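One chain, subunit A, appears in both complexes that follow, with subunit B as partner in the first and subunit C in the second.
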Partner chain A sequence: MLKGSLGLIALSSLLLSGTAFAQEKIKVGVTATLEGTYTVLGEDGMRGHQTALNVLGKKIGDKELEFVVASTDATPDSAVRAVRKLIEQDKVQILLSPLSGDEGIAVKNFAKTHPELTFVNAASGAQETTYVDPAPNFFRYNMDGAQWQVGLGKYAYETKGYRKIATVGEDYSFIYTQVFGLVLEFCGAGGQVTNRQWVPLGTKDFASVIAALPDDVDAIYLGLGGADAVNFLNQYQQAGGKAHLMGGSIMIDQTILSSKGSAKNALVGTIAASGQADTWEDPGWQKFVKAYQDSFPESKRFPSPSLLATNYYGSTMALILALRQVNGDLSNNQAKLKDALAKIEIDAPNGKIKLDSNRQAIGTNFVTEVVDDGKGALFSKVVKVIPNVNQTLGYDPAVFAKIGLPSRTVPECKKY
Partner chain B sequence: MARFIERHPAWALIVIIAVAVLLWLVFAIWPPGLEAAIGRKRVFLNAVLNGITLGGLYFLVASGFTLIFGLMRNVNLAHGSLYLFGGYIGYAVSTWTGSWILSFIVAFIAVALVGVILQLAVFRRMEGQDLRQTMVTIGLSIVFADLMLWVFGGDFYQVQTPAWLIGPVQLPLLTAIKSSGEPVYLQYPLVRLVIFLASVVIGIAMWLALNRTRIGMIVRAGVDDRDILAATGVRIQFVFVLVFALGAGLAGIAGVVGGTFQSLSPGEDTRFLLASLVVVIVGGMGSIPGAALGAVIIGLAEQLGSVYIPTYAIVVTFLIMVLVLAVRPQGLLARR
Partner chain C sequence: MSLLQSTQFRPDPSANATRRAWIGAWPEFQNPAAWLVALILVIMPLIANGFFLIEIFATTLILGIIALSLMFLAGYGGMVSLMQLTIAGFAGYMVAVFGMSGNANISLGWPWWLATPMALALATLFGTLGGALAVRTEGIYTIMITLAIGAAFYYFTNQNWTIFNGHTGINTVATPHFWGVDWRSDIAFYYVTLGVAAICYFAVQYVSRAPFGLALQGVRDNSRRMAALGFNPNAHRIAAYAFAAFIAALGGVLQVWNYRQISPGSVSVGACIDVLIIAVVGGITRPIGPFIGALIFVLLRTFALDVLIKFGLDGNRFRLLIGLGFLAIVFWSSDGVIGLWERWRRNASATQSPGGGRHG
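Now for the complex of A and B:
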């Protein structure tokens, strides 16, 4: 009896999914880091994605978008597992994935095994993803970690007068890329990077790392994100640290600036660079902030969207607009969609974005400084806006190729 | 001690030399050659102190775990969830009342109550069935993790450190002599020292309670032979509930400690479960001194590893575990 009714339920659900198919849905798989060190980043990324759906709607002509979400934990194997599950079990046709640097490299390589599908990068920012052997069906509408640091090195050297700095960063591709961008510009301007410390992603106890920070530097650059950044700041405060700080793009970000507790106050006055600035006065940005705020109750969001929300918003927007251009036509291995994605220029909240020949974003970058709004909330205030930042950071591609790929020790601290 | 030296003279010599070298490293002014080879003394001293204080936190989590295992042969894989739950309770209390001390008391009581409920509602029903208990506790830890994610979200929480504990203190340990002849002493975060002292006090109190009181005697008798103890008329189920409550409460306190000098977020539960598993495997399942030794060894390995071999830091703890399992599978301080 039980078996019989179970069979009936299974049959009816099959029929139901059959009818769903008849309504012409386009299935899109989304991944975000909803567990582990970067949980908060993944959650806010999904808020950005939801905001885009609220603003743009889910209709593509007479078809409707359907999203299936899978969780990862910032490790490459978790991302490939999630993407594989979305493709094989949920039969998604398009992917909006992934969030984090190492995941990006893994998913790009995986994308090559499914040339018929389309992959839109959600937020990951390692340079290698689109710079080395890019996948023809992988599109990235956010800049990489090095592009997000453009302007910071010069600002630190020229305006702040820092001459010697040390860096602390998480030991994986995105932070390598961020430090790559910083070192290139800071050392190019004449500065010195005396020490680069790397800590495993998910480090909780930074006390020894903090003790090993050099004293004889003008500032310390922090390339940390999520729980790692909060733990570092907390212990830095307890150890009585007083050095000038500089921050990477996910360090000076609402994910950290609105964390609970007082540790974040160490960041007031910190200079940073990122693909966005919380207080930018551009009407497009302000509209996006408003849409984000209106989409969620105040306790369920940050005061202002994080970089991840902005990236997820931008990638979702690019995908929806491109799908509308081709009227949801996914025939012939989605050739029309891929063509449209490669050519589309979007008016993203954080400036205009277009893709280069590697399908990597060229966009706007922001140098910022952390300010207290007087009510205890911290925001990144825009100091400088730099439009049209490309992946080779303005270098001649041949010169850029000689620098090498971002790693623990690359680039050397010199003028290229 | 004397017997150990008689039985293993070679080992004893190695241990004595190692202790002497360590003491010299801690108290002497390092010659320039040594500083050039392995870095500044300040970094080394900090790493050692951090290792020991981190060991204090690991001890708090692992001692409850090992106590429960020792008495009830019950591998409670939801122990990490109790840790995280305690931390969240501590956060809520400290932000609501502004009292750091009160948050420890409330966290202890609340988590101990959860422990009592777990023991009465779950473990009592499947006494002696190891596999079933293991599976059920894994299941419970997943359920707890999702419930806490639902209530508290994925945000990072930090228990507010009271103002008088913020900042460093000067320790009477020389790190260097300046060229002017002025000595430089070590600066160290006060909160970590206080937390370490507290865990030492708790450890000693537990040892005294186990070895000098009547209830401790009953618990120890239970560890040795439950059935005979029950046959003598002791209400063994009551003792079980008490021990479970104590072990869970300790995990709750540890959660507040962890939330004070690290942070609380989803995923911390499994991290601390793993840490306490490694600690008790190294120290010996069911032994309180073993948990203390294991906690200090793992804490030191993590911190020294993160400074001197950052690339392989994660591996070091597991290497130690493998080594112990290969050489002394019952753990360093376990009785046979």
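Now for the complex of A and C:
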């Protein structure tokens, strides 16, 4: 009995001590998908984040940045739980979160309940996050899924001569946004999207999906990521699939191109579009690739950074530069920092990035084609670079609003 | 189990008959440790800050309530149901659908005092129907059929956009405000949770000793003999499912108020099994077990990553630590932490004063 109460007293004193934290540090909470289907993406995102710290340093004037990491599994619940833990237990003042589309929507909504804090999106790319009812303290320095598809539809129609395509995608907001971008452009150019299949995130058995793929199409667009993409490719190859492929931004990415086994070889020649291209010759990009490669031993990284590493790098960079502009001043509910974040223009590795009035990135997009470097490693080669891509994809905002929000069936395949 | 019951009902010669009956029904009022735990829980907002109050203790109580419904079915009814979390999630979704949320095209916008009873009623109905299906089976087949209901519900929410809003789920669910109090503010919400948990705990405790609960335990031990005595075993079992579904639904409503959002991740198969783990680790012989199990679960889930990093290990392996922790508990004691406690008490009383002390 006495033992028990002593234990309780010890426990409660432990709880009290949890509240103390050092003043001269600026605490930043980071979340990444270190569990579940997108584990590989989360790990490489963290590598990009680390690379940014190696390049830029952690000093803000006389203060130092301290980072606390929490893990999620690409579900909105896990993201909200992780962010709450970071804010309430670790007392972070700034959030660098989250990685995945639906997590972004949930964290943006959560951000409204903490207007005094600052949220910098790490990599999530659903359109709704910043387009519908944006949170004033949520900043996104990467483009959304639709922006990342700009150029692909036209290239497929005009250069590759594809007229009819079908899509297979994971059944959630980010892939809807990607297919949204693709369909708008491809159908706008005159193409047809005959069939859209949606599979739950974390699907392992694609047999029925593969069996249902139509034969009378010129190409199949794959909007999959992480373990789902690798599983699909394995089973597609075993089923003897030979169609032309087109890829979404996390499909044609080092997270898949560096996967083990031969299934990825089905991707050689696949066209895709993304916020980056592995072989871009821009000196800023090459410098970033070198910094990434120097930061980690070869066995513990990809040959070239993935889109997630680039996004985490960009968002970490924007945060550090903005903090330096205001000399780490977080007074008055971080008003100065928020102002600086909204105005800052960064020279990210994947081109210049600035924010629009919804605090959403306007940046550069790349159309790419997968090539084999001769030694068995696959890379995405630049085909076309498109600067200044905004969230309404160049449409008049009023016209864009009429298209509707990305979903399984929106947009319709027609010219808007 | 029968041994435990007989020790609890041991007559106390110093007390009169009514007092004895009262103590027999509520043994925890006799136990100073129980009073101490209750006191600490009540003054918890003075001890713990917002994070511990909500993320650890309120979350523990909520998960404990959901696991309590499983403990009731498994412990007193002998039916291991894996759909208790699904029922809770269903209630949560119904609060979001009938009440107010950020998804105006889905939510009907009812005030909370209308939406919540509706959610509770529908979830209880859902649990009762699931139970009516499950009582036709026994043992492993009950587990399978309830797991199938859970998995089906998970995939349904994941793919249905008209009601459940698919993988995105429903965000910014409104929480109750009345009498000038924001009932989702940390301290108020903690007391709401604590109150509901206490009611559920005592309700289960009461029902387990009421004629219905005793008959249910009879059905569990020998349903054929109970049938011969004139009881209807299946009716008892379905009633037990209905009662457990109501408790789980209460937990689900609190859960959605806690996070202000709900999405398929909350009702995934993994989460259903988490509830079973909580109940097994805590012990399914007593209503307090699920709460202890939930506390261990929440502590491990929250701090395993930090602990590993503190020891300089790879933080990515934190799931391993959680698994090892549970394995250790189940290995040392097949009836969970409660079992360890019982055994320790028995050894202690055997060496000191034989026959002294009550269980808490």
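Here, the second predicted complex is superposed on the first by the 393 of 416 C-alpha atoms of A that agree within 3 Å, B and C clash if a C-alpha of one lies under 4 Å from a C-alpha of the other, contacts with A are read in each partner's own complex, and residues count from 1 in each chain.
Throughout what follows, a residue touches a chain if its C-beta (ideal position, glycine included) is under 8 Å from a C-beta of that chain, and two chains touch if they have at least 3 such contacts.
What you see is a predicted model, and the numbers here were worked out from it, not measured in a lab.
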Subunit B versus subunit C as contact partner of A:G261, first or second or both or neither: first
Contacts of A:P200 with subunit B and subunit C, given as first, second, both or neither: both
First, second, both or neither for A:V40, with subunit B first and subunit C second: first
Which of subunit B and subunit C A:Q238 touches, first, second, both or neither: first
Partner chain(s) touched by A:R81 [first = subunit B, second = subunit C, both, neither]: second
Contacts of A:A211 with subunit B and subunit C, given as first, second, both or neither: first
Subunit B versus subunit C as contact partner of A:Y172, first or second or both or neither: second
Subunit A residues contacted in one complex by subunit B, in the other by subunit C: 34-35, 43, 73, 171, 198, 200
Contacting residues of subunit C [partner subunit A, same complex]: 32-33, 36, 40, 47-52, 54-55, 102, 155, 158-159, 161, 166-169, 171-172, 259-266, 268, 302, 305, 315-316, 318-319
In the complex, subunit B residues that touch subunit A: 39, 42-43, 46-47, 50-51, 53-54, 91, 153-161, 166-168, 187-192, 261-263, 265-267, 271, 302-304, 306-307, 310-311, 313-314
Subunit A to subunit C touching residues, read off their complex: 1, 4-5, 8, 12, 15-16, 18-19, 34-35, 43, 69-71, 73, 75-78, 80-81, 84-85, 88-89, 102, 105-106, 109-110, 112-113, 133, 171-173, 198, 200-201, 407-408
Interface residues, subunit A side, partner subunit B - complex: 34-37, 39-40, 42-43, 73, 171, 197-200, 202-205, 207-212, 226-227, 230-231, 234-235, 237-240, 259-263, 300
